[in-house]
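Quick notes on the structure that follows.
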Amino acid sequence: MRRALRWLMALCVVVATSTAAYAADPRAIDLRPLVQALGSGGYSGTEKALSQLSAAGDPAIVPVIEALQAGDLFVRKADGAVVIARKAGDAYTLTDPLTRAALGDAPAAAVERIRINNALRRAISASLGALTLMSPDAGVRRSAADAVFKSRDASALETLTAAIAKEQDGRIRAAMEQARAAILLTGEAASRMTDADIQAAVDTLAARGDRDALVLLNMVATSGASDITKKSAASAISTVEQKLAFWAALQNLWYGLSLGSVLLLAAIGLAVTFGVMGVINMAHGEMVMIGAYTTFLVQEVFRTYAPGLFDLSILVALPAAFLVSGGVGIAIERSVIRWLYGRPLETLLATWGLSLVLQQAVRSIFGPTNREVGAPSWMSGAFELGGLTITYGRLWIVIFAFAVFAALLVALKRTWFGLSIRAVTQNRPMANAMGIRTARVDALTFGLGSGIAGLAGVALSQIDNVSPNLGQGYIIDSFMVVVFGGVGNLWGTLVGALTLGTINKFLEPYAGAVLGKILVLIFIILFIQRRPRGLFALKGRAVEA
Amino acid sequence: MLDIRSLDLHYGAAQALRGVSMKAEIGKVTCLVGRNGVGKSSLLRAIVGLKPVSGGSIGWDGADVTKMAPADRARRGIAYVPQGREIFPLLTVRENLLTGYAPLPRTQRSIPEEVFELFPVLKSMLDRRGGDLSGGQQQQLAIGRALVTRPRLLVLDEPTEGIQPSIIKDIGRAICYLRDKGTMAILLVEQYFDFARDLADDWVVMERGEVMLSGPRSGLDEQEVRKYLTV
Amino acid sequence: QDTIKVGILHSLSGTMAISETTLKDVMLMLIDEQNKKGGLLGKKLEPVVVDPASNWPLFAEKARELISKDKVSAVFGCWTSVSRKSVLPVFEELNNILFYPVQYEGEESSRNVFYTGAAPNQQAIPAVDYLMEKEQVQRWVLAGTDYVYPRTTNKILEAYLKSKGVKPEDIMINYTPFGHSDWQSIVADIKKFGSGGKKTAVVSTINGDANVPFYKELGNQGVKAEDIPVVAFSVGEEELAGIDTKPLLGHLAAWNYFQSVETPANSDFIKAWKAYTKNDKRVTNDPMEAHYIGFNMWVKAVESAGTTEPDKVIDAMIGVSVPNLTGGYSAMLPNHHITKPVLIGEVQENGQFDVVSKTSGLVPGDEWSDYLPDSKDLIADWRKPMSCGNFNVKTGKCGGKGS
Amino acid sequence: MLLRFFLMGLDRKAGIVLSILAVLAVAVPVMSLWVPADSPFHLSVFTVSLLGKYLCFALLALALDLVWGYCGILSLGHAAFFALGGYAMGMYLMRQIGPRGVYGNPELPDFMVFLNWTELPWYWWGFDQFWFAALMVLVVPGALAFAFGWFAFRSRVTGVYLSIITQALTFALLLAFFRNDMGFGGNNGLTDFKDILGYDIQADTTRVALFVATVAALALSYMIASGVIASKLGKVLVALRDAESRVRFMGYDTESYKLFAWTLSACMAGVAGALYVPQVGIINPSEFAPASSIEAVIWVAVGGRGTLAGGILGAVLVNMGKSYFTGALPELWLFALGGLFVAVTLFLPKGLLGLWGQLTAKLPRRSKATALPGAPTATPTAGQKGA
Amino acid sequence: MSAESTLLYLDGVSVSFDGFRALNNLSLVMMPGEMRAIIGPNGAGKTTMMDVITGKTHPDTGTILFEGQTDLTRLREAAIANLGIGRKFQRPTVFEPHTVWDNLELALKAPRRPLKTLTYSISRDDRARIEEILDITRLSALRSRQAGSLSHGQKQWLEIGMLLAQDPKLLLVDEPVAGMTDAETEQTAELLCGIAGKHSVIVVEHDMSFVRALGVKVTVLAEGSVLAEGSLDAVSANSQVIDTYLGR
């Protein structure tokens, strides 16, 4: 009777999961108690069960572990069964982790997530690495190799060796070989290796040539290996170190460029309102802030109405921020600034007042705390370029900053509007007498500068707080950049921003961030002594008179 | 025709023009003279709209432009060569000339050849900054810039100031030429009496913010005019 | 006079508004609730809100105004240590009471101040212990904003770590200015320091504003909690509300309270807070709980003293014990600090913390650190007859080294 | 000669300002110390300290107006001199604490003790002496200003370039003083002072005495400043404000002129800071914040740039407004203050004092004959001729 | 000629701006008490020459000696002015916020050091001198007017007055009669002739009747160097001068 029942159950399972890939494997049954054990005993219980599961080496458990990693693995409170649960409205849809059989819906209160902590996350990566070395997906194999390199899990050695033999893709094979070398050099395997094997491993790692390799090579150099291997490890170390130093300098340059681009973005709107128009625009930072809040609002709309298109939100936010900040700028110009031409110092007072008002207005509307602005997927993460780590967010900001700069340059130098702006700011009454509608030009110019500040706000929302204080953090730097570069010269702003960014980033490693910043400020003070009108000084009679 | 009636103008509490009336006709050069500080420049600034008036009216082309913005007056054909040149210092010479396009419809936007004929030096300096030019060169540029707008009322405030003799002669010839085209009224403020005398069709003489004499050259005695210019 | 006035001294503008405004709101809510319960000593409580505008001398001026002009019975306020230092002489001179709700560097005990936030031993030390035990961390990055709280905390931690056998070359200390926003190099340095083959963690005393860009950079450069966990002392639910937390999964914070703690008291509190602010998304955090505890202690002390007169209330405060929001009771100690549980939480995707460790009992706040040479002999005890904030147990005298 | 110098600056406006200050110096002590507390004429010591603070700001504004209003140097870093003066005084007050600090170390201030400093850094030497500290209140800001000005004016840094490097200067100092390593107490600054010249700093009489000292300093500075401005040197300053190179071609070494005014102004700002610190009880790096300097500029603009009294008036009014609004409208005061700044610029282009000038200038317009003073050859009959 | 006995000695002075040569190997000598008129086409370099002498512009090459020994190229503007070189600018520049009187007082010959000016009080002689200059420039009635509110011609006069007040050894006068009536032009010529003898004067002007009235040696500049030198009649007959400058 009992036997018959078991048969019946087995049959049911087979029938129910006949489409599932792993169902036919008889070992699936053996896994059940281990999977079940994931759900009990707290973190340590889960960890123990996990290590036993991965020791079984069965690819069938990959989905289970992935679910655990993603936080989709739950315990059904009623019977303690471990299930995969995915949120569907208010309830959860349950499936069997091994058989993938649908187990119906359950209310949120009926299931409890199997919690993981950092230790578990590490264990999960390691076991997934070992388990997915043979995956048909090249990307998965690649990250598996990296995971094994990191975990140096000796139990994966066998699989790894097999995988290397089968691997077609040269880059993945290299990664796997490096992982293998790492295991061989560090684990207890190291003691059983011949000099030649060690030498081969050292070469593999030297070819990898990064900081991780350096650590392993150092281990070899300080281990009980023979003198010859130690020597070759040492020479490998010095090569790697040289290479790393080179890349580090390049990396600093990139950081400088990227910080410079942020400064450029923050300053470039000011280069219009202050540099071109001569308005000491203390509300510039608030225009940036308004741009950032516009991004927030646009993203809220996307989150609410079209979460699937969230990646496009930034592209919509750009024009929106330009228009909103630009509109606010035009309103400010028409209501306040226009009465102050010819009294440039008083614009300082009025715009300072405006900046207080705008900050408080945003604080009243959006609250004083930070607002979340998300990064679209194409702006998240990083990629490696040689020895450089380049984050996508920063890369886009660099590109964006240069694009805005180029567009503004063309607008000011090559269009009739640009010519009118310059004429009006140089001699407002005369421009008016020439037939240029100065009121309109003034409003549009201030709007343009403010709109560009708004664009900067979109970019800065990606790397900084979106809070009412956002603008305050950039206003001083922006003025420094514009003045350092030479007021009224766009190229000066560009070169100024990049120079200050780069200097800052080269000083930071030696002096620290605080002292580095102080040194940059002192540099600016001294530099202005040498060139009292900035880097790209306007020359000629008109300015000197 | 420019028709000014009993114009008053104040700087703060001080009155610079009192009840000034005068006319300038198309096809004629009207010369406005008077000693330093009598209000000539003030009157011109009122005509082009750079200085609001406190009473009276300015009629141009049959319309009342008293309250109009300078840009709108420019669109109605009023061009101004100010005292002190007022070049856009950081614009190149070419760009300074291009600002004259503002009141023109797109089709007419070109620099008339006569500008370079009159002032050949500008042609060789197109890419230099206006502010770097010598005083006289700037004066030439200011006149050239006004001509680009194809004015029908050309208002010149001491255009010969600081200009070398040969070019003064050229400017004189140019003014004659422009007058003779018959499409333009020319209002000229000039201290250089001989130059003014050669050009003037009509005289207007000012003293202390008021018009003392006015009328066609035929109707006025030159000595009478000179009297107002001596110290 | 038929109301009891309570001063609220939190910045509503300037750089600190971002953190302090919430505390003003929570105080208004607590006072409101107390009034609904019938007030205190038969009188209604009346909040007096002022804005010291993140300006430290203005804090002192406003404190003076609250005490001598508005005649408040107690003040709840301050966030930064410098603001507390600025108002301290005022409270001592005019003999009033300040409740200070934020974790701080310690090294202080005033008769007129009640410290309801964490002392270093209630936050920093347990967090480091956790990392050492549970994550086997061997290398340490102590990253902080360059001001007194991080400096002192890091001094204490450095001494503590060395006492645990950590070598100096395994400790990296890094300071950044307020509002630092370009973290590229520092995060890269941390990665470099962490790739030395030893398990590395970052202990962050980075101040509020700089955290968002810091975590964004961590996320972008792919510093995962599994590899290099960051444990923060100034990052709570409010700060996380401004960041996309997906890349930050598993990074840690040490506090005495998390919104995610499931106790009936806490869920009532959260519900009340959301209702009061009419905003379902508002989060709660540790300093809010500190005010909750401090306010309830004050109410209890006033009730038992039967008066709001500061001297009496100060004396009545010691020993008062009220429920905290994490399921226990916090008591006011003679040193004017309180007992608190220490919780370690990991960042979750939803911007909340998942508590991964909690001290078994309550930790009493230690105002004078045992790890600083000049303060290890000092204690504070405001009970009579000692009544001293810096009693030297070696010399047996009050007044530090005691002349 | 000195007397003549002071008399030179004594015009009607100076008379008014000095009389008001004299009244304050007498009335405030009487009203706060001798008038009984329940009288409506009683001034609380809290109010006295508040007034004292405003007057310190007024002195800063006066100093700033001297360079901005009269030589056109828009300093966005004047708070640096103020703060340095404040630190010099703060160091003296710290040393006065002696063994009364929490650690009871007779030599070292508390913050040095808990950051494990073992001895007093050299730059703290001498600050236990009041005369030395008082000297440093003038010398430190003065020397910094002199050095900075000497380089900047020689190099002919002007206009916004000068403004921005003054801002860079104060910003750099801000960051430097933030650093605990600097030995000035880092962000917490210097605080918890006990006494000054042997008197309890919290005592009512001390507070009133500090107030009177502030009034005296302000009055003296005002006299010096207006003396300078009324002198020919003052005229040179005003001339070089708008046409510096023209002044140079006339043989005036404009650099020394600017340097003189700049250094004088920095010393005044230092004194203001030194008087401020004991009255507010704390000095911390945020006094160096660029925003503090900008605020000072705004007081001057609100009061009326280029009128010494305007700076004083602006500083007092704006700060009174700030004190009042932050208590009365804690959530909205920025709207009020920001709005005020915008309104002042739009409607009172010459500041509050300018308003007074505008009002008095408008009156005679109707009554007096509206004639220009006349062209060179004006004759009595010229006006009667008709055209 | 040896430089010793000269008041001003320019030799081989060249200046260029972004490749444009404004002065080209210019040489010029002035004797004490001499008055010289300089004419030349617009852009010839007349104003630039004055810039170079007064230290506003630094020459690329060349020597400039004052009183035979002082090398002006090494001195700053104020020092040069204090040697006794005064200048009137082509565009009148006066101190606009000051009254006419104060403008003259500032210009008046007196110690220029800050401490001296701080304690300066005006003497009877100084007062008389200013009155005299006001009289000469016919600005007496405008003495308490703000200089900024003067008309263009009035500013010209004020600037001439300031130059007189400085009482320099060498006066550099750039277009003094621009914007003046013919009668005023004559007066100015008389004024300058009266000054010459005791002082040396360099006048730049385009008004030929004025130059004629001065009746002094004329130097014609063109393209940055001397084209011709001699009496007005002599240079006016020079065909090159006629072509480039006077016109036909």
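For clarity, chains are labelled A, B, C, D and E in written order, and residue numbers in each chain start from 1.
Keep in mind that, in the parts below, a residue touches a chain if its C-beta (ideal position, glycine included) is under 8 Å from a C-beta of that chain, and two chains touch if they have at least 3 such contacts.
These numbers were taken from a predicted model, which means no experiment stands behind them.
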Minimum number of chain-to-chain contact steps, subunit A to subunit B: 1
Chain hops separating subunit E from subunit D, counting only touching neighbours: 1
Chain with minimal offset from the mean of all protein Cα atoms: D
Comparison of C-D and B-E by number of C-beta pairs in contact, larger one: C-D
Chain separated most widely from subunit E, comparing mean CA positions: C
Chain centre separation in whole Å, for subunit D relative to subunit A (CA means): 47
Centre-of-Cα separation between subunit C and subunit B, whole angstrom: 75
Chain centre separation (subunit B, subunit D; CA means) in Å: 50
Multi-partner residues of subunit C (each touching 2 or more other chains): 12-13, 146, 175, 177
Sequence positions of subunit D contacting 2 or more other chains: 175, 178-179, 245, 331, 334, 373-374, 376-378
Where subunit E touches two or more other chains at once, by residue number: 17, 56, 138, 154
Of subunit C, residues touching subunit D in the complex: 12-13, 49-53, 55-58, 60-62, 64-65, 68-69, 80-82, 85-86, 88-90, 93, 107-108, 146-148, 151-152, 155, 175, 177-178, 372-375, 378, 389-390, 392, 399-403
Partner subunit C, residues of subunit A touching it in the complex: 43, 71, 115, 117-119, 121-122, 125, 150, 211-212, 215-216, 218-219, 251-252, 255, 258-259, 262, 359-360, 363, 367-372, 374-375, 380-382, 389, 391-394, 462-469, 472-473, 504-505, 508-509, 512-514, 517
Residues on subunit A engaged by subunit B in the complex (per definition of touch): 416, 419-420, 422-423, 426-427, 429-439, 488, 538, 540-543
Subunit A to subunit D touching residues, read off their complex: 280, 282, 336, 339-340, 343, 345-350, 352-357, 359-361, 364, 472, 476, 479-480, 483, 487, 514-515, 517-518, 521-522, 524-525, 528-530, 532-534, 544-545
In the complex, subunit D residues that touch subunit A: 74, 148, 151-152, 155-158, 160-161, 164-165, 167-169, 171-172, 175-176, 178-179, 245, 290-291, 294, 297-298, 301-302, 305, 331-332, 334-335, 337-342, 344-346, 349
